[in-house]
């Protein structure tokens, strides 16, 4: 738990992912990258020049076959490679749920530890770009319910970097959830290459009156809300989950126990908040809770409509007020 | 909301499903049944003699292509049929999540109401038969997070009958969750053919000290627990969700508000309880809550191991004690 | 080709031109930041959409892809509600809820563009199941790309359609690329049509730049379907002149020579030359061109005058279901 | 067939017999209520497992199906831990956690039986990706049924293996039925091998009741794989003499004539006759049979003496990952 002296530089979330992939690939020859169009440019360009640097054996464009290539990655992971696969939009993970939930997640347990599945599935979630119903979802609520998976969702370039390196080194299948709108966002990253441990939340702001917990893109809005409420005399603590499974209940419950008010914010339809709140409520009797999540509709394409479905500042403030 | 005079007869949960299918098929020619081996016997034999009664145009054995035939059912539902498809074990729904979540559930909304998808997906969930990790899951926690779906899970023959008829008449995609161990269980069913409305929970036992809520097979255990605790002086109310989405929060919150203690029991890894508890906790400040669910592991085959993973009487009593 | 069907041929010209000009307009609107999300243009592929759907009857159904504006217009869609949809306006075909990749037009039996690569193939197959079961006589046209032919849905759906002899025409628009990835890098066969052998159905390679070739193949396939003989797989070799989506120029991963060679086969320019050779005067074509230009300009204006939808984001996820008339609800037990 | 390889041939006899007797034993244990869940026997299909895996080297990998006891034994699995697994005992290959449909044996490079129909095909393909990438020289044997050949995974995996020229041998055990559904009712081709054309790879129809035919085809395919020339699809026509699972007799949906005709081609009885004709004395075969009987009896006894696992249901979902040695954890920021 020693934080080393940090050598910081400012890079984008996208570049942080690239750097993490590159650093790990240099370190470990067993790492291969796979995804649709991945070696040819890809939708969000995370690969950069990795195809040239590492060649077609280690950076692979797959056919459009989500369930198939995730299954290929499972078999590869069982036999000695450490694949990092990309699902181009998280919505398409629906196609690969069998290989993720019935294969990757179960192999270690059901075969009694004979095989491990060191596999990372990277995928961008989130709305806000007008892509419409099939390209905007946040489906992490499905994945945290699958025993055998770990699920992380970095909200800053530093966590993108540090968590991706940890995910790659983990001997379990890790679902690594990125956010489309965060790719260009810049932040400080430790150039010495520190890892961020899976399973540890981060307190982003200290406060005593109310706990706001979130992750990913919504974190920024949570911090804005904390400012707004702060100016009204409500002193908010803001917690970034970073890892969605296993949950850092200790940090969450400690905060909620202190503030007595717990608000969870997410871009999906509520599955993460449900899990977090039900655990916090069970652990901290008497805590006031509120969940702020997307409306229970598909996500529309038109910008003004999309804004109504995805939680915004007002919705979150409303949520906070419900606990006061 | 008038309950008619009931003409009761005692039939099994399996036969109740058969009768509901038969009654609806006689009523509406647009109903077609599809599933793997469905017209040839099937794993749990729900079809009975329907293949002979209605012929191969209306009772169809599909290839082993879960995503494909659910997608076929979506297209059929959009164009005038009312398909009822069977996924042989709920575990295999993982293969069909794209057609369920990205197609069936979204069509009505994203195409602005031009098309409806009157589709029922029947599937048996649950453990207890030693089938092992790929044949024992309860994945309804994924489905309740999908806007556009309805999700029901009958726990009695009467509800199996009445909810299946309602599901078939519903103009939305309905996921209809059966339970393997309930198929042979008998109960009274209204021979006059009353429907059970989607979205309404049922209070199975009245009590004042503690609310136990559950659905499906766990309902029986919840009632047992109520007996045990009753003999210790704890007066339990037992609520059967019946519909998992949309949730009958009114009934749940009214009970929890009265008892002040709310325990949720499920066979899955906790996704339903998370949703229910987080809503109840938000609505009823101060309520004591506990969730009892399967352990966070895949489901082992060996009976004694399986018993440890799935909640039993003791686990539920422990859960109740946590709220006292 | 015996008979020069002048009126029909001019109508095909209008349709192809409407697609092209409409998509150019979409491209321009994208550059002005007026569209929602991205848009995938089918510039260069118009002969496939128009040729194939020239044999479709009004009751026939279409299931399309992410690259579906051409299919929409070829089935009869108007430009204004199409552009309005892409710009998120309430007068759009789906009131702005869908966006480019999710547009259905029920009145045209157009079951939707589709954002899931390969996702529409089973849906189309299901529409064909309805046609067979209810004996509606409809044929379903199922479009998808070469990349989509590697999805499991392709395999599963074609197998079912073949077993059940469903009235569906599968039209693979093979433009040689899936995004920036060339076909040979991800696809095990040169010709998608070769996969028909795996389902015991006819597979035909068609010149997708030749409207009449596409039409002839589609006609044969549709007749086969209507006769109850089952599905056909048509592979139309074509090319997109534009990038994959609006964030791509299409020039980084494709050689200049390749692009130029295909541009020489521009289905619209060639059709124009064919019409001229068939005796249609230059002035008549210019007149059509001016009309289409004016139509698209007016449609764009109308679309942009339409407001954004309001107050409906949060409704419409569920269809209303009538409670069962004359039936008792069994509430308590 | 030139050379009578006596020792090898007797070993094949032992293997096939071990499978048969072991599965008969599993059937008996099921009837006594001693097994967990259900079990799918491969009685009648032994020549496919033994013939195909007779060409597998120890480092070669196998991915199997729900009907996988034969594959396990053919790759070298012992009867006692197999039966123990199916009976939920701690001495089982997976300590009772897996059960019949989820048995892996890492020491044998056996990547698992698999409860998801078609689920193993991509997994096998991934193992072949490892072999190619790390140049291990291993070949992967991927078994699946005729029913599984209709899953999207079949299509997606074979396409990838073909494109990447992976060292994998796909072995379709076509026993004519998927559960109680005959092939023709759900499968658009008579021969699954015909689907190889859709991936540009060799597809061979093989008599799955003839061990040497299976072995020859598997040898050619494995050599092709080892030479870096890519995958082959073998379709072995075979028959299960038993029901689909232990809750089925297999007689309701299959005619007596059909069953009897296939029984006449019993791969074990015929192999025995072949050995006799090749000069192996009756007494020697009887001796082998007695040995196998004794082995299976002893193994069953040993399996049932083993206790049920305890205390481990709740552990093992996750592999332990060492925290990064010599690297700092960035905890707070």
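Should a chain be cited, it is by its letter among A, B, C and D, assigned in written order, with residues numbered from 1 in that chain.
In this text, a contact is a pair of C-beta atoms (placed from the backbone, for glycine too) under 8 Å apart; a residue touches a chain by one contact, two chains touch by 3 or more.
It should be emphasised that the depicted structure is a prediction, and the values quoted were computed from it without experimental measurement.
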{"item": "Per Cα centroids, the chain farthest from chain A", "value": "D"}
{"item": "Chain pair with the higher count of C-beta pairs in contact (A-C, A-D)", "value": "A-D"}
{"item": "Between chain D and chain A, distance of the C-alpha-averaged centres to the nearest whole Å", "value": "39"}
{"item": "Interchain centroid distance [CA atoms averaged], chain A/chain C, Å", "value": "36"}
{"item": "Centroid spacing, where centroids are CA-atom means, of chain A and chain B in whole angstrom", "value": "30"}
{"item": "Mean-CA-position distance for chain D and chain C (Å)", "value": "44"}
{"item": "Contacts with two or more other chains, residues of chain C listed in rising order", "value": "95, 97-98, 102, 115-116, 119, 150-153, 155-156, 159, 163, 185-187, 316-317"}
{"item": "Junction residues of chain A, two or more chains touched", "value": "62-63, 65, 67-68, 91-92, 95, 98, 102, 106, 109-110, 132-134, 147-148, 295-298, 300-301"}
{"item": "Residues of chain A defined as touching chain B within the complex", "value": "67, 91-92, 94-95, 97-98, 100-102, 105-106, 109-110, 132-134, 139, 141-142, 145-148, 268-271, 273-275, 277-279, 281-282, 285-291, 295-298, 300-301, 322"}
{"item": "In the complex with chain C, residue positions of chain B that touch it", "value": "1-4, 6, 30, 32, 57-58, 60, 62-63, 65, 67-81, 83, 98-99, 102-103, 106-118, 147-148, 150, 156, 158-159, 162, 166, 169-172, 190, 192-197, 200, 202-203"}
{"item": "Complex interface listing, chain C residues touching chain D", "value": "150-156, 158-159, 162-163, 185-190, 194-195, 197-201"}
{"item": "Residues of chain C touching chain A in the complex", "value": "35-38, 88-89, 92, 95-102, 114-119, 147-148, 150-152, 178-181, 185-187, 252-253, 308-310, 312-317"}
{"item": "Sites on chain B touched by chain D in the complex", "value": "36-37, 40-43, 61-65, 67-68, 91-92, 95, 129-135, 295-298, 300-309"}
